[in-house]
Amino acid sequence: MSLLEITNLNLAMRSYEGETQILHGIDLKIERGEIWGMVGETGSGKSLTGLSISRLIPAATGRYLAGAIRFEGTDVLNATEREMRKLRGRKIGMIFQDPTTNLNPAFRIGTQLVDVALHAAEHDPSVLGLSGNASRRERRRAARQVAIEMLGKVGISDPAERIDAYPHQFSGGMRQRMLIAMAMIGKPDLLIADEPTTALDVSVQAQILRLIHQLVLERDIGVLMITHNLGVVAQLCSHVAVMYRGRILETGPVRTVLKQPSHAYTRALLAAIPTVHTKRGELRGIGDIMAEAG
Amino acid sequence: MSLDILNVTKIFGPARGGILSRDEGFRALDDVSLHVPKGSSFGLVGESGSGKTTLTRCILRLENLTRGRVLYEGTDIHGLAQRDLRRLRARLQIVFQDPYASLNPRMTIHDIVAEPLLIHRDLFRLSARQRSERVLELLEQVGLRSEHLFRYPHEFSGGQRQRIGIARALASRPDFLILDEPTSALDVSVQADVLNLLHRLQQELGLTYFFISHDLGVIRYICDDVAVIYRGKLVEQGPVAEIFDRPRSDYTRMLLAAMPDPDPDKSPFRQS
Amino acid sequence: MTMIQTSLPKRDTSARLENWSRAFYRFRQSWLSVIGLAIVAVLIVIALVAPLIVPYPEHVAGATDTAARFMPPSAEHWFGTNALGQDMFSLVLVGSQVSLFSGLAVVIIAIAVGGLVGAVAGYFGGWIDETLMRLTDLLLTIPSLILAMAVAAALGTGILNMIIAISITWWPAYARLIRGEVLVKKEEQFITAARALGAGPGRILGRHILPNIISPVVVKASLDMGFAILTVASLGFVGIGVRAPVPEWGTLLSTARGYMPDYWWTALFPGFAIFLAVLAFNLLGDGLRDVLDPKARR
């Protein structure tokens, strides 16, 4: 059984213009220990694929025309909301692009982490390392201990002191680490990271990538890294899926796809990145290439 | 037209305290000096909080200097009277990073691009019809079509919006363009198109570029010279090839190493 | 400069039209706001044509018919008649004129004055801001009903004085709202862009900032219309405001007070009219908020 298996996922979204199909037959299989990169341009459907895995697309606007998502055997699209809450924040951790808007500025970091830990412990007491009949106070104390450990693990120095600080007292990179800590506290099996480093400086980005890589080595989790940055994919990911207009054009081990791309679009994406050797005026946009490819 | 930045220091006001207050304020720029030669592309590299945005605001005099001078063809921008400053602003234009935030959502493309011509009507003296013709010419120059004229910004993609921003910047026939991370909000494919457009425009119009970016690949592609700024101080500057191939400072070396290379074999995680 | 040979495209309005139909689509998503809009539309039409369509226009002008006092609702007098034998249906319908007109006038004056003060304070800041905002704070502390009574005492009762009195206490709220919005918009990048182009304060305020803060003002104005109608009615109820014989909902209600509960229809119908108008404007305001500011939803 795969950790995550998406088969023939078709999603349509309703808007003023009427219903339009956004995802066309997405197939994707993620195993433990794999870091999947999902690359594509704005509007290619990569973020919606990520949200679908946690079933976070509002039912009022989104409709699945066909397909299935299986997470450790659970049929995600047909699960009850109660079952989904067990998965979210516990089995499936999520990190989003903007670390500032995803932390509540009114609460201390510790409070937010402890809340997540307690929530996760409701479904799996082993998160706190306690037996099921521990008292409330014991649970709180244990949750705080877990939060401190987690902060230390994502590379925040003096976690025991800084756990009582507020989000605004940290830099953007630090806040992204906290979101990772929050996503990891429930010991998830799958981490979905949607453009986690796009808002960060390159030096901080390098640290975050290292952190994610370490987590995969230590905990043997699966990662879906949604990004538009092929550099990030080349560095971090073991596998890659290239998306274009709601379709996956090609998938495979990262070295195969990036070194010998089989699809013209992947080649075009690679050719659009200015490198040390690109002469001025030689860069080619995708528009011309896709037009030629038809 | 050459731009000289001489010993510019910008300190953001110390919090008002007593006379004995030790708070010196925040030193956003510390003794920065640059020379941007006419007709060239000058790159400025730095991470967030390095002072690069403050520097552009100081050049455009959207911010006052604490110390130093900014000379444009020898004239001190910060010493100009309001009227002369307005004239100068026609020749010194800026393209912003965020194509979503930098266009007024309530104005049509026509009105956005025509605005500089209206603001500087004493310089251009165009009739309404001539203005519209000039707007069309500008849109064509940046690769947009005439049917886009009376649409609103939200109907365009990021790349198209950035073209609109470029058309607006070119409307008043500037000879110096500040490009503040013009492609960092765009997809790589669109980035390539915009970079090529900028390159073409520079050749056609003889523009001087002051190109700000945190993307070393982009800087290397488009710029002749580059300066690296870190925490308000210039770390090093020189021709692009020299700085990138033989960086002298640890900071530049770190930046170069942190750039994710699209070659999977150069990953630090796959040393095995 | 190369001459463009192609003719200029016409300034077409299709983009604007599409924006409107898009907005109406979002508005339609909530049937309550559609009901609000419908009632408001009906009220406006009634206010415009009331004198022409009412069955007893002479009663509206002040004529009495003592033979027909306190008739209960019937086919002849839908809302019954009052102590003077006047047809309540005619009075309530024509009464909508005063309520809607004064409500609108109050809101427009408040937006004009508050908008000017708020925009100037927010844009220029510093001591201008301090001075203007302390003045608005001062006015915000005066309850509008008390001030209206004071104005009525000083200048005499009457529609105009009532409108002035209410407006004086209402504009500060708009000044605060608009100042806040201007402060936020001032930091937007397209404002910096306009400054970099060389635009002056007049253009930046008029062309760039104000058009972008219309939405919250329209929403507040729509919600306020209901409260303005209520305030006008309250003033009528306590006896300052509109003078007889001009029919006004609050005055009608106030007169009917003495005849409750036996002649309930004299109070019920003006009261229901007030209720309906206030409710309709509130529903409309909520609907507009959903359209104009989707972030504030739920």
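Should a chain be cited, it is by its letter among A, B and C, assigned in written order, with residues numbered from 1 in that chain.
Definition applied: contacts are C-beta pairs under 8 Å (C-beta built on N, C-alpha and C of every residue); 3 or more make two chains touch, one makes a residue touch a chain.
Since we're looking at a predicted model, the values are computed, not measured.
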Most distant chain from chain A by Cα centroid: C
By number of C-beta contact pairs, the top two chains: A-B
Separation of mean Cα positions, chain C and chain B [Å, integer]: 46
Chain A and chain B: spacing of chain centres that average the CA atoms, whole Å: 32
Residue numbers on chain B that touch chain C, as the complex places them: 60, 62, 85-86, 89-90, 93-94, 96, 98, 101-108, 110, 115-116, 119-120, 129, 132-133, 136-137, 140, 146-147, 149-152, 155, 165, 168, 172
Touching residues on chain C, where the partner in the complex is chain B: 1-4, 6, 8-9, 11-15, 19, 188-190, 192-199, 203, 207-208, 211-212
Parts of chain A lying in touch with chain B, wherever the complex brings them together: 41-42, 172, 201-203, 205-206, 209-210, 213, 228-236, 254-255, 258-259, 268-270, 272-276, 278, 280-281, 283-287
List of chain B residues in touch with chain A within their complex: 47-48, 157-158, 187-193, 195-196, 199-200, 214, 217-218, 220-222, 244, 254-255, 257-269
